[in-house]
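Encoded as structure tokens, here's the structure I'll be asking about.
Letters A, B and C mark the chains as written, and numbering starts fresh at 1 in each.
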């Protein structure tokens, strides 16, 4: 910041600091690492959705030349998991989904490992399987985890032993039962959201190596190196200081790489081969089925309004198809549980959100963390209710959308809320008009809108830290463990440090992705990085600045109180200036890089290092009985998306012509990176609305490749794709910033669904809304 | 990918000799966009992969009005799509080749490879069916020619013997023939057709070929017969749609339902007939 | 299995080596020649992360067997920048924020480079079609298209 209070780095566009590395191929991702004497792992996978493992015969596989080891679940007997310790890295005694890893092999080449897997003999006894969330709830349903009561669980989660419920989240605000009696109109609907896949273009990959002294190095494509370190330490009883996780560049995460799976599978293999690196990379087919998937969800939503359109009560029941292991999924059910009211001012809310074990692929975090799924239902039900009482989708949102001072479903008072300005911006920029228009003989155009919100779902005391080191020439290293997964954190955090220290960002190198070199970060998830890691970097920069000012007091003979830093790009330096009254009393910041020399030849201060540590302020646990809290989350990011679509009534194809979003991310750190996040999120939501679903039949994934699971291409880019912003500062955010990466995806799919409903007069209660569904609807209408 | 020996003959003779000695142990590699995926997925497990790309005789696209078009076995989708004569005299075939896979795939994949793969939804096949293309084959006993409708016998099955090589496809030139190619898929680009069709008009006759509606691409001969000599109006179109429905037997699969395929097939017929008249 | 001797040009330099027939060109380039710019995203020609330019045309190197490299002129992303100077395509991807995680970026840059050799003045639709064999999950494509259009404009195409 300049002496007259103007930002020098924040709220501007700084080109991505990783741009050159990424356009030249210089960026080394985890899978790009090749080492001499590398071994390759592969796994045998269960062909049944649910089966007891009776016998494993590895003898033939072991005889294959080039095979080093063939190991079974016995090597992985200790259960682990982020919130609920329900998972082994390799199936132990039973296999709980079709595709689960049962035997692990390592060999001199990937081909040998693969051949070995084919000749391992596994005898199974097939068990009855649970193949839908509603089946999971039946009283006589087979149990996916019969030993649930023995599992270690974080205290905020409530598994129900003897059932398939891994967590039941309950929220109650006001008295819905009484309120529904006062409603003029109640609309109750069921919606379904299928499993979808993150589809990072880089599949999961890891290489691990034990050296002879027992140090473990892990090169992984992971979002959260510290969480991986913790999980591996816990599962294999290795002290944390013996584990190094390296993850410099990650080829897309979207939540898929937030956990620990592939790394754990190969650790016992590497342990058996000290000194030799063991590599395991998922094929695209494995990525689809064996990495985390976005959980399927069935929702029953009941919305009650008075005749003016004021929502009096909402009751939600969410049933999550959590798959075989819910160690992470329970937290998604929780997030949906406390966010189920949506961004609306509603006095009476009841939400039951069930995370359920099924014999399906393992559910986990996916951009939006439950919010995309529940808003597909919430935002459609809102349009239905509005229609029933004869008001427009816009009016019902103007009446109910959160305003500052309103209370959320959790009972928190919204200090700021961008809902209404975001809505109005989208309506204006889209020139919103929801009347269907015929174009030619076979096309209909129409618009639709939806809003959404999201908060980080993280432990209320999650921590972040940063260290900033100054080099002798005044250039800086900023160390964090926020993971650059494409979202641009390295660039945004560079800007934050540059702002505090008034240094040209080109004089900063940001270091992340190595637990031995960089300090603690809980996880890179939850759209928390700009806020949490950003605060840590800001604090570290302030610490460094304060230390320099302390030294400079001696040099200048004036107090630190009035000192400031002045960026001088012409001379490629930053000045420490005594005060605005003594502008000529100044020293290049590099003077203090190694401490300050004194007149008698001695020195003081030592090398300049700033330290910043951050824990969420006043983010308190909610009341277990009803999920009410004065400050239950770090912040809420709110926004709105509007679309114009065109339906071809001969083929059922939907083309999105315009897609426009406006969000309130607090203070924007990097203008273009903000827009880039919102644009990418919109297209990802478009994919889920129109194309994407994992088709599961008897637990088998039928379309587990890009051949039959279609994500948007450049051709699907709408003619107009734009983002806008309303900036209402977050009180505790760095420079007022809050998160945007995930919230930006939330309203897109329901906006498209609402536009389709407006165009056809038929509402689809499930996504994706495919050409066959549309043609069936059109055909039924014409009958 | 499992191990195999790689051989790259330089002449057709050499290739046929290799095929004749290895028979079912050999797989022919042309563009490779299908074969390499099948190798990777271990759907095929050959001992020998015979790369025919070094055989100059198989390259190129030839055209004259008397002989028609000859598409060599190594002509890529990219080459066909951009060939001056194809664009001028067989624009619907250029269109078809331009709708196969992605740009990268079209730069490698061959139309003859597409034919030999014999998928019911082969993107470049319906133009061949409309033109009654002739497949030119060479084997140890010499050359033979097979009409395209007889060449493909079922899903991924052809009459090609293990020791034979397709040299190319002859597509006659028909004066005054106009054609329209239509592909419908879940996603506009880089997707498998759930309906693909070429509909041609010459004089007062129609030639109608559909893919993805039966185990092989087919000609809708009854619909063609019905439309012959008729002037096209809404009533005729409606009737033709009914006949079309009786001639096709699409299935429901991951990519579309049977009902959807029928509806879209009818729309394609309607749009094409209107555009051709 | 007999290894095959191949001679080809890689980023302007002659290469002669023995390759295993059942290795793809992608694997050889990445693992034996240590040029890891081209990535494997699917191994089946669906995602385009492995795109390289062979004799002037963009191809999926995951669908090319290593022996097929023989006699070819091969260009990978590492061969674009000369003496530390980025090509206009590379620079445009940075200037337009046309990348996020960067994993698909080398593939997009190779597809774009080949497209603009073939078609100096592509329309927006032609760009979209030419790049639809390259999947990107991060950007939403808008900025990629804009980067390509910017190169076209600056080269005087439009």
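Here, contacts are C-beta pairs under 8 Å (C-beta built on N, C-alpha and C of every residue); 3 or more make two chains touch, one makes a residue touch a chain.
Everything numeric here is computed off the predicted structure, so don't read it as measured data.
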Chain-level touch network, classified as line, ring, star, complete or other: complete
Chain pair with more C-beta contacts, B-C versus A-C: A-C
Whole-Å separation of chain centres (CA-atom averages), subunit A against subunit B: 44
Inter-centroid spacing, subunit C versus subunit B (mean Cα positions, whole Å): 29
Residue numbers of subunit C (touch at least two other chains): 22, 43-44, 46, 128-129, 131-134
Residues of subunit A touching at least two other chains: 111, 707, 712-716
Touching two or more other chains - residue numbers and ranges from subunit B: 1-3, 188-190
Subunit A-facing residues of subunit C, complex: 22, 30-31, 34-44, 46-47, 49, 76-78, 80-81, 86, 90-91, 93-95, 97, 99-106, 109, 127-129, 131-145
Subunit B residues within the subunit A interface of the complex: 1-3, 184, 186-192, 254-257, 259-260, 263-264, 267, 271
Contacting residues of subunit A [partner subunit B, same complex]: 111, 115, 442, 650-653, 691, 695, 702-703, 707-708, 710, 712-716, 770-772, 775-776, 779
Residues of subunit C touching subunit B in the complex: 1-2, 4, 20-24, 43-46, 48, 51, 57-60, 62-65, 67-68, 70, 111, 115, 128-134
Subunit B to subunit C touching residues, read off their complex: 1-6, 8, 29, 32-33, 36-37, 39-41, 49, 51, 53, 78, 101-105, 107-108, 188-190
